[in-house]
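You will see two complexes here that share chain A, one where it goes with chain B and one where it goes with chain C.
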Partner chain A sequence: MSAASEHKHVGDGWGAVTFICLTVLALLFLAPTIGVLLSAFKSTRDIALGDLWSLPQALYLDNFAEIFANPSVRIYLVNTLLVTVPATAASIALGVAAGYVFAKLPFRGSDLIFLGVVSGMFFPPQIILIPLFKLFNALGLIDTLWPMILIHSAMGIPICTLLMRNFFSTVPNALREAALLEGVNEWQILTRVALPISLPALAVLATLQFTWIWNDFLWPLIFTQSDDKRTIMLGLVSLRGQYSVAWGVQGALSIVASLPTQVIFLFFQRFFIRGMTMGAVKG
Partner chain B sequence: MESHVRFWRVVLLAPPLLVFGLFVLWPLADSFRYSVTNWNGFSADAAFVGLENFRKIFTDGLFANAIVNSAIWMAAALVLPTGAGLALALLLDSGVRGAGVFKSIFYLPICLSSVVVGQIWIWIFQPDWGLLNTALSAASGETFGFAWLAKPGTALYAVIVAWSWQQTGLAMVIFLAGLTAIPRDLLEAAEVDGVAYLKQISHIILPMLRPATVVVIALSVINSLKGFDILYIMTGGGPFNSSDTLAMFMYDESFKKYKMGYGSAISVVLFVITLTIIFVYFKELKKMDEIYE
Partner chain C sequence: MSDVAIEAVTKTFGAVSIIKGVDLAIPTGEFAVFVGPSGCGKSTLLRMISGLESVSSGTIRIGDVDVTRRPPAEGGTAMVFQSYALYPHMSVSENMSFGLRMNGAPRAEIERRVGEAARILQLEQLLDRRPKQLSGGQRQRVAIGRAIVRHPKVFLFDEPLSNLDASLRVQMRVEIARLHQEIGATMIYVTHDQVEAMTLADRIVVLNAGKVEQVGTPLDLYERPANLFVAGFLGQPSMNILDACVHAADGTQVSIRVAHGPLIGLELAAGHGLAAGEPVKLGIRPDAIRLQPRGRGEMPADVEIVEHLGDEVIAYLRLPGTPEAIIAKLEKSSGVRVGDACAIGFAVPELHVFGTDGLARTRLAHSA
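The block that comes next holds the complex of A and B.
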């Protein structure tokens, strides 16, 4: 545990004060989320009458029924999966390859290249928007899922390279040298020695990348036009017009759209937090 | 042996560098090229206009407006998520019961999509039944119906609050990691010497949290420049451009007005600003490495 734990406050009344403080803050912090949850189980009429912030009297599921009857929502979800899964896998694979070289096969100037790649994660995407639009236009890929798959694979390289390099650096060089002496080649060392022990790092990256790509909004906004190419977050916004005052339906939509990432967060929170801190601190 | 290593270097490094180069580096360079043209997004050719776009930028009232708003957002980023994250981290680190649950609650918003966060906060600020007006009405006894997101005076700040709600958890986690690095004996010695807790914070904890603070501040500032989705959802830069930021201004000029040359010039400015921040950040990190090694 951390430095200040155990020895402070406990038993002198401050512990209780801290606990109450945190409880109040946590409730304030949760209020927005609770509002959405409540709205999803209420009719538009109840919400408009100012009855949002109370517990529902009965289990009202019409909002969810409305969503699942809407064929667009299904298409959005499938599209999002079709983008998220391959792009997550590709960015991690590329990051593993680059990270391995930077950690285990460094060369003169490799640190500089590493720094250049990693700093890519800090720039706002706006600075490459126009050329990418032109590129995908020339390739005839506008209004397909390809721009999102390709861009997310590329934009994920900085964080994946950073985490994998840091992880591979902790793998003892002796392990690699012993394997080399036995006549094993570099590829086999990577896939049979380094990768099996880096499962925690891979889990961190899988959680981070899946969440970020799933949640993305800007790229589909730029690169898709027709309804059947939209991903869920863009779909959420475009359905706002259709359900402009149907607040409950919008709430239910937000919940359904967030469900996959929330489930991942619940189960892999450890990995997620570790990834965020490592990415931030070691940057 | 050496040729073996060289072979694998190339084989392993070529694919990631190729993909990164094609979809990130080359477009970046291309942005510079378009920034000196008047390309409209459709026509095959674009005329070279020299530094005309940049001259226009610095006389464009909308750009000045956007840069002021970005600066306000950045200043808020220095204070809001950083301060709240630090406070939460200190509270959580006191060995309080249920710290794990609290941590999850404060961290949850970070894995929500900005689209969903924006949506949630539209409802908080909703004039008729939103949480904020409901609470204000209940507290004052009068009926509040203020349209926070539709008024030029409050729209930007409302978005910044929503954004900070999402960012606080990240700051908290980094501060918590920083607190772990403080040697326990130091605080115990202070305790034994009867140093008050507030004094421990200002004399021991805060100075030792400097590395974490640098990271949090840099991330917040950079993320404030990246803040686009949430703004797009909540106000779209309106009303009357009152909440426009650089990122939003760039999007509007390029993809709504189809002034792609001009838009590219804005991206170049955005690039230079970000680069400056990253440069300062890396330098600060390096300085710290030297101190701590």
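The block that comes next holds the complex of A and C.
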């Protein structure tokens, strides 16, 4: 056996081991999702008789019919959108502005401020939970959507600033200088030059922030009380009966609740293209 | 089109001084080339003219306007960057028209100017392409086009050809020279490539360590370098610098003894300040060296290395028993070979004399 073919043989062996490990991991991660997916299509009787992994006797769609008929579910979805969209937009907008300044318009002490902003990522939310509750209580905003919008906007700033600052740092300075020499102002440079070539970073941020805020459970739990202010993740938990857990209905709602984040990912993934700056400078 | 006046300009970064007091006047329509080794401050000076770099002290005027503290766009300059700096998400025509569009120029005017620049640079077929679909030379032409559409008072080029391969560089060099002839604007061009400097410039500004060493036409600088730095920097291969000593000085008549070599009589302009016994440096261009049979020439030498460049031959010579090496540029018919024992003859009229201060002493007439 030649050295080359032996090498290839060894490589194949490792490839197989890697493949098996990854498959097992993927199945482990997918298992709960598959369980929920299966129970969404089972009747309550079906669920009671079989186990989580058994296939449904027949394709049972009443769980979906039930959640679509439930007016609360619509309110939950609308509330979640009302929190997620503005908070995602606000955190990204602030992150873009701050990131541009830190990357392209540094000033004395800006590195220190950047460090301070980014260190905000490492605060566990539990630490600020009680002060924030007192604050929003004093402002009379408990049981409204405002606390969630404000908190998610603020808590998104560190990651958005970090990501955008790092991405803007890769945008060649010569592009900004060329635009400055043409009499283009800083705002136009940001919106017409820097942002269009930063679409991959924006897509990553939009997906991350949307998913994170959409799936949030803690803050709505703390700041909302009435049913018509709940977001979808709280609604999911509140869907159980007094004495029973409606696994099928919860499974169906879980699937519906996860759809927007899937759509967001599918929509933005086409912007996850590298090499947008290719050709800008020597390439 | 405008003249550029730079007066006592300095630039410091903290304690580090980058530009140490530069005075320079560039007349309207001139093609001036800043040349110098890496880190000499030539790009910094260009960026100060553009307004992209602040000026620590001194003034810069373009035309009659003091632009020292003005924002970049108000100086009326346009810059072509080494990296092209094209907007990757815009087409060629969008790249060229971006500044005009952002400043609210009328659409018809934008189209007219882009069309004119595209015609001058032969970019008409490429207007809808993106930068990544262009070759290096085409990208650089677009970058120049973007400068042209602005109708700037002064064109600034920051090492625009450094990223191109050798043959394309020659081609673009010719195109830039042609562009200057066609539009006749004032152009300032920064390069570390002395061939670009010699071929393009009306006048060359040689910079070293933040100071102007000499300003003059390419031939002026080549034939009458003001000091050892300019003498060594311009010319390929570099000028040979030989240790020598003043043998006798009588008025303008000076005789100089070359170390390991002959006694040479020269006539220097009055005020040369050289006295007998004073060490000097003698400079001689490689093409002013003649090889002769051993015994007939003034300095014996051995041929160490021979480089055949086709139309000419570069010979590296060593003076026996010394560490000194001399480079000679010879005709291809010279028949020189490695190991040849020969002698060096000087074309005395082409000798340059430098004092211990490094400054050149002016030659008057020549005597052997």
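By definition in this document, the second predicted complex is superposed on the first by the 228 of 283 C-alpha atoms of A that agree within 3 Å, B and C clash if a C-alpha of one lies under 4 Å from a C-alpha of the other, contacts with A are read in each partner's own complex, and residues count from 1 in each chain.
Everything that follows uses one rule, which is that a residue touches a chain if its C-beta (ideal position, glycine included) is under 8 Å from a C-beta of that chain, and two chains touch if they have at least 3 such contacts.
Keep in mind the model is a prediction, meaning the values are calculated, not measured.
Comparing chain C and chain B on the residues of chain A they touch gives the larger count to B.
Contact with neither chain B nor chain C is seen for A:109 once the two complexes are overlaid on the shared chain. With both structures placed on the common chain, the touch criterion links A:197 to chain C but leaves chain B unconnected.
Look at A:132: by the touch rule set out above, it reaches chain B but stays clear of chain C. Of the two partner chains, chain B is the only one that A:157 touches; chain C does not reach it.
In the superposition on chain A, contact of A:140 is made with neither chain B nor chain C.
By the touch criterion stated above, A:13 is placed in contact with neither chain B nor chain C. In the superposition on chain A, contact is made by A:123 with chain B only, not with chain C.
Of the two partner chains placed around the shared chain by superposition, chain C is the only one that A:188 touches, whereas chain B remains out of contact. In the superposition on chain A, the residues of chain A touched by chain B in one structure and by chain C in the other are 185, 276-277, 280-281, 283.
For chain A in complex with chain B, the residues that touch the partner chain are 1-10, 14-15, 18-19, 21-22, 25-26, 29-33, 35-36, 39, 47-48, 50, 52-53, 94-95, 97-98, 100-101, 105, 107, 113, 115, 117, 119-120, 122-135, 150-151, 153-155, 157-158, 161, 185-187, 190, 211, 214-218, 221-222, 233, 236-237, 247, 250-251, 254, 257-258, 261-262, 264-265, 269, 272-273, 276-277, 280-281, 283. Interface residues of chain C, counted against chain A in their complex, comprise 50-52, 71-74, 77-79, 81-89, 98-100, 102-103, 130-134, 136, 139, 146, 150, 163. Residues 172, 174-175, 177-185, 188, 192-193, 196-197, 276-283 of chain A are the ones touching chain C in the complex.
Against chain A, in their complex, chain B makes its touches with residues 4-5, 8-9, 11-13, 15-17, 19-20, 22-24, 26-28, 30-31, 34, 41, 88, 91-98, 102, 104-116, 119-121, 123-124, 128-129, 131, 134, 165, 168, 170, 173-174, 176-177, 179-184, 186-188, 191, 197, 205, 211-212, 215-216, 219, 222, 225-226, 228-229, 232-233, 246-247, 250-251, 254-255, 260, 263-264, 266-268, 270-271, 274, 277-278, 282, 285.
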